[in-house]
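Here is the structure we will look at, set down as structure tokens.
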Amino acid sequence: MLKAVMSAGILKELIEVVSTLVDEARFKLSDDGIVIKAVDPANVAMVSFEISSDAFDSFEASDGEIGVDLVKLNDILSMSGSDDVSIETDDGKLLIKFLDLTYAISLLDPSSMRKDPKIPTLELPAQIVLSGDEFRRAVRAAEKISDHIALGVEGKMFFMEAKGDLDKVRLELPEDKLISLKSAPARSLYSLEYLKDMSKPISKADEAIIDLGKDFPVRISFKIAGDAGNVEYLLAPRIEAE
Amino acid sequence: MLKAVMSAGILKELIEVVSTLVDEARFKLSDDGIVIKAVDPANVAMVSFEISSDAFDSFEASDGEIGVDLVKLNDILSMSGSDDVSIETDDGKLLIKFLDLTYAISLLDPSSMRKDPKIPTLELPAQIVLSGDEFRRAVRAAEKISDHIALGVEGKMFFMEAKGDLDKVRLELPEDKLISLKSAPARSLYSLEYLKDMSKPISKADEAIIDLGKDFPVRISFKIAGDAGNVEYLLAPRIEAE
Amino acid sequence: MLKAVMSAGILKELIEVVSTLVDEARFKLSDDGIVIKAVDPANVAMVSFEISSDAFDSFEASDGEIGVDLVKLNDILSMSGSDDVSIETDDGKLLIKFLDLTYAISLLDPSSMRKDPKIPTLELPAQIVLSGDEFRRAVRAAEKISDHIALGVEGKMFFMEAKGDLDKVRLELPEDKLISLKSAPARSLYSLEYLKDMSKPISKADEAIIDLGKDFPVRISFKIAGDAGNVEYLLAPRIEAE
């Protein structure tokens, strides 16, 4: 059971974060809030998302799970403007109310959905903290040249590199241009396809924490919904051809 | 013969109202202004439009008919900005002048065009008056769920309903949220394809008058061009499957 | 060798002017600045472009030629915002730096590129000077009707005319609506495809100088980059069918 009222903006942020990887998600409900874990169909990226009940104007939930069609919910919310939205489970349906409108969409059967991924605990030696916006700019700069992006740390500097057949781009951000840096030799290659989508919600965060290693997954952590929502993306590395 | 000067905005409104249903229209001209009646190719919807000579900065016309390509005229007006436009018949052509430009487009032969529809007189028991903007929002809310929309009155309330295979949306506007309501049991199903297009010009009107019955056509009346233009749409109902 | 710093806007203007006709260009470098001459693949239009070293914040160049992929360079500059950009040749590469980014793109071999066109000297009897914006409006007005546009002078008036199968548009600008007019009988037909693209950079110039004759090429001259850049387009006429 779920019955909650929130600003439409918060619900849209939640959907944006998770729909980067999946179209349908299993919401784990409890008194404390909502937890969503998902892995993309190709098993390359994971998201772990928690939002506290504090993020809502009102929140009641009993322990349980519901399956939600994120694409449909997002489409409906495009009608809400910035008004408050109420969502409520009701006999296999999710009622979504705002202004004078009531939508009822079918819930999905959580047992028929893919199991929650086990998020691995990774020891990643380097950590960069920078503005989400700056991170997005790095990703967009790489897109001009390649489908892949290398992220790394050299000395007191975070770098991004992308190479095409003939062309190259490199971004260097020394420690003083970052919010903080835990330096350790690190460099891994990632698919831009995933980072491009992830960088949209990341760009809205004041701080994005990037944990990196050598040919290891990258972990990107940031807050949404005025710090009441915690997001952690994990993205597997690609083998570097060189 | 027609020779008139008007703000480009008024001519664009006129075209938008009629081109919802047809690409070419027969303009009936007289001293009093212009009358256009048209039915869409599938015979599902009709428009009856009258604009008084008062809407124009200057207006001269002798009794007669001209056939106008609305799509071409609209395309040309996209060049006019908000300037005044002069239109004038001239030997089988329509001259359209604004700023330093003179367009001459061929008039269509009115006798080769489809006959004016006979607009039926319908006794429709329920009447809702609401802002055109609110009406458009109802139509757009339904589009998220279905290709059809039910409009009706229950007690002191106007409602809209749309049903997909699994999902549903309902909007309820009680009397105090409406400009006025003449209550009578009414409910009919309509194609959203038509209402979607009609709702664009309707949305600009302060007041839209909706006349409804049980499985009857809907009549939607509103004013454009600062009350000098009268529009009446008539849309046939669909058979409700249930 | 080239090493220069400039506002991103100036570099974007330069690219826009030349990429109207070609995707790759040969930059002739000297102490004085950059000269680019290019002819489109169909041999219908030419551009001659000179930009003085004064347009740059700093400029060093030794005499020589480099081949530049304008499409790639333009794509990269979309990341630069309005920041200053540094470009620098380096061992067969062009380094493009702004903010914390360094792009390295391959230079093209100038000897493998098409030879510079010889820009013919033409005596054109009529000359119209008007705002670039007004010129663009004339071109856009013609597009509604045809793929071709006639430009000409009759008495003390510049005119534009376009004819479709059934429709026509004419624009007349008498001398007092122009910046200046050197009158002489002139009328030539041109392809709108070329003028459409050319009219974009032209529209940003305060003054565009149009030199016309009877069934002769048109020469359009204007300045960019705060008068430090000189552009001359030459466009061959079409045979008028009438």
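We just call them A, B and C in the order they show up, numbering each chain from 1.
Here is the rule we use: a contact is a pair of C-beta atoms (placed from the backbone, for glycine too) under 8 Å apart; a residue touches a chain by one contact, two chains touch by 3 or more.
Model, not experiment: these values are computed from the prediction.
Visitor: Could you check if the interface between copies subunit A and subunit B is built from the same residues on both sides, meaning over half shared, or from different ones?
Guide: Since fewer than half of the residue numbers are used by both chains, the interface counts as different.
Visitor: Given a C-alpha superposition of subunit A onto subunit C, how large is the rotation in degrees, taken in steps of 5?
Guide: Going from subunit A to subunit C via C-alpha fit gives 120 degrees.
Visitor: Report the inter-centroid distance (CA atoms only) between subunit A and subunit B in whole Å.
Guide: 45
Visitor: Name the residues of subunit B that each touch 2 or more other chains.
Guide: Residues: none.
Visitor: Taking the touch rule as given, give the residues of subunit A at its contact with subunit B in the complex, in rising order.
Guide: Checking each residue of subunit A against subunit B gives 72, 75-76, 78-79, 100-106.
Visitor: Going by the contact rule set out above, which residues of subunit C touch subunit B in the complex?
Guide: Against subunit B, the touching part of subunit C is residues 137, 140-141, 144-145, 166-173, 177.
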